[in-house]
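In order of appearance the chains are A, B and C, and numbering begins at 1 in each one.
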């Protein structure tokens, strides 16, 4: 790269798309890992994936493999998947069950909290308590597990409050994953976030989505009265059911600096995200009515969720490099629903998988185009892309503010 | 790389092959893109590929995707394939037909000249005339399309004159592509050009080529009288037919600084580039005689052509990195020739495809060898490799002269 | 890399594993090539692979392809596989037979010593004696061929003496390769060497190996008397047979700075490295007794060998990058043994191939783990990993001492 990062940041013009190097430059990507991914809470997975003590899954947090495990007292812990002896990975599978964590190389053995409990032939004088697995921070809200690998973490309190109020009625923690799918996108992760943060492309790209949702009609004078009336009717109904209705609105805008949580009404006659808007699985949680709208939540930089009365879909991004991102989609249904009897997996995933594939084509086309030497920032269309600006402004703030106080590895407590 | 580029250029010794880093160093490759590929005219494709208004093909000009399109008035335009909104590629296929150029992402719509004609929800105050697709320069001669992506271009006049005089009788603009083939060569592009610029390797490597052409016999005292007599006889005949015979000779040397155009007689009894030297397709253009020799033309850095009375072959290089190059070969025959009736594709391509494959083996072997830490420039054998020296001298001149005045992107006109 | 190499070397703490960048950083890898691989003797292959004049194989010495060839007088020569004309590789196959070395590009022709003997159209005044193939240094001991590509080489004398004394009775030079296998390991080469230099992992990882060898019982008070008695009994027997017994011991430690050679007794009842410890091929060399223990030898950085009375296994490492290594295993049996009659290839390779595959899993797990940002050096367990410390201390000495006097390419003699 010919420009320094600082000069590059100067090129950012709020209300315009990013300069090209932000989507391609390895140095920018490294800075993103340090300034954005490591210091932020990243969505790792679901509490319902690891219901029993010893159940674990691994999560790639910017190149750091993290073991998320349930301990004997039912807590969740996040441990670095790196033996304190000579560094071997301990858990080699994406998920599993372990009574103890035993390194396959020399059988150093850790308990579920990460404490070292056995190391053959280790001299007595070595202090085992200094050799526990390194720990990452972990927070769980509404069955969603977030991990932060550095010592000082962003305040999770407001997210816990908002996500809890919105999502607890869906009981995602007591659900099960009906299906998972990982999309490999040879594209910068920000192109995926930007794509998700605007519906300017929906009328032409997502005809099915546009039909069952109001999203593409929000600025239409024809539709405004109906949308208002329908939203207000839903608010009254949901409030009577005891749901938190503090953020019932159709806009999906961010309510916090790096997170959002709102509930959005469907047009009458549609109740869930399926091709025809009709239910595809049994009611979740304590719901008794199918018409619960879409609970929508998300956190920068790697997570968003849509939850309806019968199922929920979560998206998790893992950036692999400047032009490579993995996007995992999980579809959740209630835990006691029986596949083939209560729901058909193909029907549960049809709607969102289609949206994802439609977006994939758009994102890859953009990834190709922004590689051009003649690409330069273009003007965002503010009526439809103000949320892209929100993301880019937040992003640029993170990139240009010192992370020096928050990302010191030394600040992480060792397991003892 | 331990040496600076300037130090490296100092290592060049005219009459010797290049130092190893020229074939491997990413910094050299980047400099080549800026000093050679972007500022020069690159062969992009054939006018006959896009006969109708709205027909287009895309061309990768050093990482810049260029749309070459025929407009309603029959002109050819070269447009950067990057939407002025958020940079998406507009044309995703290698060729196609479009009434208008519509970005697949948000449907911004451009006419065939690149002017922006529609952008949904765009505020009135935004000046659409500033948001046309960026244009590249384009020249066409004898049906061959050349593109230059920077503002100030090398003078194309002499090439247009020489190529026109040589090639217009072949009517390549009114021909059709009988077959295309892309060879992937894990080798530096200069190894391919060097290979093409000498026939020192022909006696052992291209026995078929050596048999039907005089190229390997030019310095043989035994053959000189026949070659002179045959060349002179052809000149007289072709002149009587009204052909330009200003550069009828057997040497294939460059006649301009970065281009060449000559006509070469076949040994008696051979009339085209086929295994037995006999015709493989109907006569092209206005020819009435099969014995028209080989029209040979080329431009540094990415193009050469051989045209005989019945078909023509063009080669286009696209360098993908220091050790990766795509070489596309197109075989052209007259437009109204019917495949399977008037010509057999296998027979049309047999001769040149064989030469290409033989060269591929040699080039890959050289690419392996020059990677050695002990490789150093070797002496060119001037009787047979003087044209390699011509290329290397030209190349080094471009690399060491400032391109600063010619490659400013700002100098390119925006479409309006 | 944020740290300079010098700062990184400062981070090394003897008795602990290496800091993470040593296993991943391209700059460290480049320094290793210059400080370790080029200046050291690398095992290239076996004399028995090229018994006749003109037989050759090629060896990738840190990116330099080397032709190892037998000359007409039976000598072995190591030549750089790069034509002195324009650098093409000359031998394109991994092994073959050549009366003369003829460059495939322009047929420049060299004799088996590398002297240029023909170059078509070369002017008389060019001094062909200056254009022979560049030579590398070569040493052979006990049929093992070592190559060094720089001018000043480490003293090979002690290795020749020790390897000769230990291995000459096995007659590897007169053997044949029963089978070769190349393992591709996406791991740093040092992880492979470290793995081979300790048996701390053997009890859990190599149960078959642990059963037929004493290696895992050396520090067991229960086993010490038997091991001593058995070793002494073998020493007496082998001495009576005329074998050199100067280094009969069970420890496999390095006896020189960068090499080792010892003979180790098997537990009674086992005589070779096979699943049941029983012979899998005819006796090699002049042996008349199957119970000859394991001759074990090795050199830093790329070679080790185990030889028993009936077969031998050699390992050769070729580092391809910071996280990629090729490991070739060769299994040798006596030359006149007939496959399917005197030996079964599957049985010859079963034991060591299994150990190699078990190690492969461990090494890849470690390669994954040391990528973590939180990986840091861990304490070696000295009772079992002192030989890892030996390797790391040697390695760090090479990395921090100037190789400036030994790795000048100019010091290599040209063939004349």
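Convention: contacts are C-beta pairs under 8 Å (C-beta built on N, C-alpha and C of every residue); 3 or more make two chains touch, one makes a residue touch a chain.
Not measured: the values here are computed from a predicted model.
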Angular offset of chain A relative to chain C [C-alpha, multiple of 5 degrees]: 120
Copies chain C and chain B - interface residue numbers shared by over half, same or different: different
Intercentroid distance (Cα basis), chain C paired with chain B, Å: 49
Shared-contact residues (touching 2 or more other chains) in chain C: none
Chain A - residues contacting chain B, complex: 17, 20, 194, 200-201, 204-205, 219, 361-362, 365-366, 368-375, 378-384
Touch list for chain C against partner chain B, complex: 38, 62-65, 80-90, 92, 104-107, 119-123, 126, 131, 134, 149, 409, 412
